[in-house]
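Lettered A, B, C, D and E in written order, each chain numbered from 1.
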Amino acid sequence: MLLSLMIFVPLLGMIVVLLLPRESEELIKRVTLLFTLIPLVLAVVLFISYDRSTAGTQYFVSVPWIETFNINYHIGIDGLSVTLILLTALLGPICVLASWRNIEKGIKAYMALFLLLETGMLGFFAALDLFLFFVFFELTLLPMYFLIGVWGGPRREYAAIKFFLYTLFGSVLMLVAMIAVYLNSGVPGERTFDIPTLITLAGTEGHALADPGFQIWVFLGFFIGFAVKVPIFPFHTWLPDAHVEAPTAISVILAGVLLKMGTYGLVRINMAMFPEGIDFFTNGVGFWGNSLALLGFINIVYGSFCALAQTDFKKLVAYSSIGHMGFVILGLAARNETGVTGAILQMFNHGVISAMLFLLVGVLYDRAHHREINGFGGLGNRMPIYTGITTLAFMASLGLPGLSGFVGEALSLLGAFAKFQVLTILSTIGIVVGAAYFLWTLQRVFLGQLNPKYEDLPEINGREILTLVPLGVLTIVLGIWPHFAIEMFSESVTKLTEIMGTLQASL
Amino acid sequence: MVVSLISIILLCPLAAFAIFALLGLAKRNFPRQDYLSTAAMLVALVCSFLLLWEVVPKPEPHTVDWISLGKITFSMGFYLDSVTVIMLIVVTLVSSLVHIFSIGYMHGDPRYPRFFAYLSLFSFSMLFLVVSDNLLGIYIGWELVGLCSYLLIGFWFEKDSAANACKKAFLTTRVGDVGMFIGMMMLFARFDTLSLYGDNGIFTRITNPEYLTADASGIFWLSIAGVLIFCGAVGKSAQVPLHTWLPDAMEGPTPVSALIHAATMVAAGVYLTARMFPILTPSSSLVIAYVGGITALVAATIAIVRFDIKRVLAYSTVSQLGYMMLAIGAGSYVAGLFHLTTHAFFKALLFLGSGSVIHAFHAMHAHHDEEHANGEEHKHDDHSLVHAHGSEIPSDQDMRNMGGLRRKMPWTFGTMLVATLSISGVPFIFSGFWSKDKILGGVLGRAMEWNSVHHYVLFGMALLAAGITAFYMFRLIFMTFFGEPRNQEMHDMAHESPWVMVVPLLVLAILSFPVVNKWWFNKDNIIRPEQPHIHAPQHAQLGPDTKIDGANFGIAFFGISETEAAEEEGEKNTKKADDAYYIHKLAHNIAMVLSIVVAGVGILLSWLFYHRRRFSAESVATTFRPAYNLFWNKYYFDEFYDGVLVALTVWKSRLFAKFDLSAIDGIVNGVATITRQVFAAFIGFFDNRVVDGIVNRVAEVTWAAGGRIRRIQTGAIQTYLFVVLGGIVLIILIFRAL
Amino acid sequence: MSLQHYLVISAILFSLGIFAVLTRKNAISILMGIELILNSCNLNFVAFSRFVTPPENIDGQIIAIFGIVLAAAEAAVFLAIILAIYREFGSIRPDEVDTLKG
Amino acid sequence: MDFTLKTFIFYGFALLTIASALAVVTVRNIVHAAFALMVTLFGVAGLYVFLQADFLAATQVIVYVGGILVLILFGVMMTSGRLEMRIHIERGQLLLGGGISLALLMLLLTVIANTPKWENLTDDGTAFAPTTKRIGELILKEHFLLPFEVASVLLLVALIGAALISRKEVRE
Amino acid sequence: MDYLENIESLAYFSPEIVLVVFAAAVIILDLLVKNRESEKVAYLSLVGLGCALVAIIVTHSSLGTDESKNLFWGMIRLDGFAVFFKVLLLLATAATILFSLRSEELDARLKGEYYALLLAVTFGMFLMASSTNLLMIFISLETVSLTSYILAGFLTHSPRSSEAAFKYITYGAVASGTMLFGLSLIYGMTGTGDLAAIGQQLPIVLAEGQVTTLGILIAITFILAGIGYKIASVPFHMWSPDVYEGAPIPITAFLSVASKAAGFALFLRFFFSGFGNSEVMQSIDLGLLLAIVSALTMTIGNLAALPQRNVKRLLAYSSIAHGGYLLMGGVLLANSDPDIVNKGISAIIFYLVVYFFMNLGAFYVVVLIANEAGSEMIEGYRGLSSRAPLVAGAMAIFLASLIGIPIFAGFFGKWVLFTAVIEGNLYWLAFVGLLNSVVSLYYYARILKAMYFESAEDTESFSFSKGTFALLSVFVVPTLLIGLLNIFYSLSEKFTLQ
């Protein structure tokens, strides 16, 4: 009930916002803030009351929905989802605050769409019915399309449609795979979309779902769907465009939550449901056995090098996201507790850190109206607080120990090394390059002589600091005491690794 | 008690920084950040001394589970043995003194409070590194000190050279860190833990004789892991080939150079290598020894030709660090640590002294900065990532502008002279002599014991480096404090520094005498570190060349004579150890004599060149032009990195970006064309979707297909009828064939 | 005079109708072609009714009657539309009526 | 098969039908084509007679020749000043059209030749029974009442529609 | 087979009778009413439709559950399937009448006949949905076609409309002539016109070697020409873009929904009853044939829609594509598992319901914009989000649904279809279908883009009456809700053919 309430409160908020008159903008903003704060409170309650000692799902609700297809409104949370739900709920109000001043037109529609988006995201992480899962997955598409397309930058139309097309393409493959899973889950009448049931069935010897051949191609179907979202190498090109064009808050959501939907799906569906499939792609034998890790490696190195080449601040951050998601993939490919924990932690941390980075880019953009890295210089003197926070975010992102980015990255790599020595070692190139582009950016923007054009650039204001502080605190806290997050999902991860039948591999 | 003391030591500086950061968010500064930070450091210092009495014979790690994942646990904790406590004292002591010095030195800087906050953060990180009982914790501290180093080198970030230098420092050390991380991964993959001590720790496990029998490839892996972890030290301790950042790091304020780039952070690499000593196999040890030896020699030769007072000291630091590495690589890790300690004090002293000199020109300095800001056009260098080496020497650091300062700055001169004597290895009353001698003796002993050519070569390098060190250090002294002032204007302006700066110099000067060390490291207080090690018999099996000797384990520490240590060895070990004892004793004596000789020669030459001017340095430089050029250009390391590595990286990233823009699109385009031709009837659509989703291209192809279909829709009804009836015929014909 | 005779005639008529529809450059000729097609169908029905079904079953003939009726109705509407086309376009050439396309 | 008068006449009708149909699709003059169509329709009516469908033959003549053909002629008159339509027909169109129709013809002939059910069903010479009454019963009393009624609606619609579309004055 | 005779049948025939009576009444009222107030006529037609709806419900309930009756000596059949289509068609007609009321294209003075024709075409479609005899199939098809030609050409002052009618009738006449020839071949093979009897006879004669597969193939292909042209499937689709563009918008809407639905009713019943035997189907590989046709239909429809700038024409192509999706369900008729066949049919039924609301809704917006902006071109939609936010929002919902994005009904429709297709092991077809939905995104999104991302030079906002919004919401609400409610899924299963 609590969970359902949390999911649908933003939807209710959307209706309320739609009913408000268009002119009363302040009211609309406040109402939206309120309706994003409620899920946050509820998410915190869930987070606190979540029983960390079991891997099972909690707070589950299962109500028959479309009985003809045995589709249930089945939601629940385990450690993995509650973490991401907290992230989503946290970013909600932050994004509303970040949109407070810089959305000039159509604030009502903007806020309404944003609330719809939040419902989609929250629902996605809580869904335990494959169909519901898919519906929520897709539900985020349309609001996102409009949010980028209407409130975005100069090439927003292109970026929006590109985003839309890519994601739809991916989800189409996912849909086929999903239907195949459903149809193979039993005889007519006993078919099911229930994720826990399907996981059990897929692990039952002799069941149609457990057939390796079947699992491999279904795995691929889901994988491509999620890969577009993550995004994984050949499917990534929508991301920089979408990020560059999207308004700040939407970039934050995009990087903070939407990308996580892809990796979350990989964990929740691909790994848990298709152990044979994941085994085929990550058993370390031959090309296919290394393919997933290879993709992770490519993401890391490719994303980092692309980031290095960027001169647009936001694009740089966008490419860095690609690189960082590569660590998630690499960690997942390891399939051991260390790697998977690292990957999940990295998901959460990247959500926090990239949100910070995009917010920071937004702060600068709002003042200077451009994002050309070479166009700045010496801002460190002019905006010391901003510089400080940016340095913190950069350092977190480049994996400085003591900040959260490090823990996930390190665990992913440690886990992956057990299995993919060469690829993991090569992936560490990403660490150096990551440091390189962030430091270089830091230098070009903040160090050196102050560019005389920006002598009057105002310092970051209180509202902006307010959006950044919670994220910064999380970054530091999780860097110092990651157990805080890890204890939420360590049981789930243990269960997951058991499902995948892999023990901690050693050299 | 231990935990709470260490907690206080760690938390004090951290709190000092946190207060600064939190107030900073509210756009405020604590008015007396300097006192706050200094006080925090002093508290830590006191606690460090208190810890001396807490060290127990069998140290146990104090840990908490940091991350626990089912079967695997990453713990965080402290490990307190004598090495730790010595390091703690060194760090807190030097740090406190630098804090005090900075109150005077940094006075009037616009970011004065921030400087102290950074220093506090650095102290915290360094202390954390020192006390950590596991590799992960060490790595965390390791990176954090890197961050602080970055922040402090770039403290005057308006200067492009500083901005470049700080970035270079961070990046270069990160390259090494990645190596270290890979090494950690290898260890983790083998042991499922990164803890070093405790029942399940790596050290405990490898000392188990069963370890190597159970795992045939163990030694091989361990060698690689050892070298990789040493990579981290190569980066941090500025060993060849990653040493280039350290001279550039002199762009930071001088107290920073003293604290971070002389006494503590750069020594962390040595500390780490010493800590990891138990896992170092003979082959990895040899690598370490060579890297150290080469570094010692290369850096020393470069230092001869520098004119920037700070750069000379920087290269000297590199060289001395190489010494320490050499010691560890040769198995005399105690000697290495001993040198670390003595070096920390006298090198910090040298830096602070040079800072004092520079401070003397402070007015000049400010004046120049202003000129610099106004006169030079501000521009960014887009192409270079590690581009800091080309900077000009600031006039206030150029030794060619100095001279005859000993009368103007007697305290500074006196203290610096003590330090110089110490580093040059002037015998018996200076600590540097003892530690350096111990290294030389250790290396020679190893060479004689094993009859190993490698170690003879290494000994030769070390000896040569020792001579050169004496030469260039006295060159510095002569050029700075003796002779006639070369720049009268600046000379007139110079003055002795205020007492806050002089007092630290004095304290450090006192610490450069071995008596003091003896007083601290009284035998009764010191517990010998019980370092476990890979079980020796296993090494024996690997052949004589890879054999490692147990003689250095459980040796006494500072102030305890070699004899005493050897006696204990003798008690413990068999006859073989007796041989080793005598060999080492002999080697020690030979080395002592040789080191005194080379130091004397170095000082003498220096005196002849730079004080008596009996020879002209210029003419020698002309005579040995190629060598001079090599030294002057720092063996072209920077050029190499810039020219090859950096260009390659930038080129690669550009390529990737281009690839993203054109190549993938191009591939899609090409595939689209082929597909269109192959499946012309199928309108080249379906496969493009599968191949890739680059929207533009696919859209174009689909669009073109749409346009093609449009053309069939001519508007003439009979065309339509043709399609219908032709379609019917086609369907029938096709399906009839099926 | 077997069934096949009639069927062949009908097939020929059908093909000719198709040919007319496809190639004639006058809307009315197309209509004639359509009439040929319909006639061939009717002929088929009647022939089948005569030969395939029992003699008393004359369903085929009745279908043919309805076919004729429909043909008439269709012709009427067709011609009306041709008139409208002629009014609007001044021509009844089918390939000149092509403003809607693409 | 004995070559009786009956067969002779049958072949005559068949030939007439096909030949005139060929004329319909080939002659340039549309009025000529219309007359050729009339011949075809008569020919088909004749074939109906051979098939013992007397009522149908009559209907064919009345409706087609009396109705549709007249309608077509009216259409010709109203849409074309010149009776002769000298229109260049593209060769490609002709070839393609011919090809398609020929292909269809071949296919149909193959089917006709290869369907055993339709083989060897010759006119057994059963006595001619008038069909009119039976047709009337079927249409008005039995199975085909509904189609009949629907056809009436259809005709009504066609009537209204044809009138609507062809009237001129709607242009304002 | 038990038939009802003519008089007995009348009671079950009341909906059709009501329609015909009202059609006549409309014409008479049109003559009587002064000033040609078309609204009255329209309302009378609506009343007629209402009465027909009541009649449908009454007859259906008198039928009892799961029962069916063969009326008029087996000419038509009254079953759940027919009832479903009748209701759907009737609602489509009602919607068309309401659209026509608001459309400014139509000549007000001629609306009497117009509405009468609409009622007549509905009548024809009712019969199409229930015919079980070759003759009835043909005659009902012709009734619908002829009326449609007239309606398409109704704007006599518009060359486009006349051209549409001309193309439509030429095309239709050839197609239906071809179909009639095919029907005659079937008649010749089985000696009967009754679909059920054909369904029994055909496998027998085929098994006996009496007929060849080529014969059946030719017959079926010919018949497909007639049916395919109604549902606008490749290669029989070519008329539809031109006709849709030229015809009055309400008629376009009507044709794209009602005509297509009736075509599918006919298609399903014909193949289910006449060729329900999978041996016959497999002998000519009908499943593959239909699958290819279906794949081509959606692909070509979607591709050709891409470059369109006229929204009406764009929607015409889109409706071709949707015909292709629907046909996927038809492909399953060839499956040997009757359960899957039924799933296919019920998927089509479900999709038709969904399609009804979203497509008609979209066309309604086209009507509204054509009235206000005077343009059917995509440029006319620029800045609609600010000029008429509610209408733009509704259009966005329809388009999203047409794309097939969850939670909109279109997604669930596709979902049901694809599930059925995949269950029939036609993965490739499902794949093609899904890729097509991705392509379709592109052109639908262009309308979205025009409405939301671009701004018009003229920023004056449009004003619409409350009735407009009420009618719009009639389409919006089901488009939002149908997929979410289980009842529609179970209903669609209930109305399949038995």
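The rule we apply is simple: a residue touches a chain if its C-beta (ideal position, glycine included) is under 8 Å from a C-beta of that chain, and two chains touch if they have at least 3 such contacts.
Please read these numbers as outputs of a predicted model, since none were measured by experiment.
More inter-chain C-beta contacts link the pair C-E than the other of B-E and C-E. Each chain's centre was taken as the mean of its CA atoms, and the one lying most distant from chain D is B.
If each chain is reduced to the average of its C-alpha atoms, the one that sits nearest the average of all protein C-alpha atoms is A.
Chain centres here are Cα means. That of chain C falls 26 Å from that of chain E. Chain centres here are Cα means. That of chain D falls 31 Å from that of chain E.
As a whole-number value, the distance joining the C-alpha centres of chain B and chain C reads 95 Å.
A separation of 43 Å divides the Cα centre of chain A from that of chain E. The multi-chain contact residues of chain B, meaning those touching 2 or more other chains, are 689, 699, 710, 713, 715, 717-718, 721-722, 725-726, 728, 732. Residue positions of chain D touching 2 or more other chains: 93, 96-97, 100, 104, 107-108, 117-118, 143-144, 147, 151, 154, 158, 161-162, 164-165.
Counting partner chains per residue, chain C shows two or more touched chains at residues 7, 14, 17-18, 21-23, 27, 31, 47, 52, 59, 62, 66, 70, 73-74, 77, 81-82, 84, 87, 94, 97-102. Chain pairs that touch, as defined above: A-B, A-E, B-C, B-D, B-E, C-D, C-E, D-E. Interface residues of chain B, counted against chain D in their complex, comprise 718, 722, 725-726, 728-729, 732-733. In the complex of the two chains, the chain E residues touching chain B come out as 166-167, 170-171, 174-175, 178, 214, 217-218, 221-222, 224-225, 229, 234-236, 238-239, 241-242, 284-285, 288-289, 299-300, 303-307, 432, 435, 438-439, 442. Of all residues in chain E, those touching chain D in their complex are 6, 9, 20, 27, 71-76, 107, 110, 113, 116-117, 120, 123-124, 127, 135-136, 139-140, 142-143, 146-147, 149-150, 153-154, 156-157, 162, 165, 185, 188-189, 205, 209-212, 214-215, 218.
By the touch criterion given at the top, residues 6-7, 10, 14, 17-18, 21-22, 24-25, 30, 33-34, 37, 40-41, 44, 47-48, 50-53, 55-56, 59-60, 63-64, 67-68, 71-72, 74-76, 78-80, 85, 87, 89, 93-94, 96-98, 100-102, 104-105, 108-109, 112-113, 117-123, 126, 129, 131, 134-135, 138-139, 143-144, 147, 151, 154-155, 158-159, 161-166, 168 of chain D touch chain C in their complex.
Note for the complex: chain E touches chain C at residues 134-135, 138-139, 142, 146, 149-150, 153, 156, 159-160, 162-167, 169-170, 173-174, 177-178, 180-181, 183-185, 187-188, 191-193, 241-242, 245-246, 307-308, 313.
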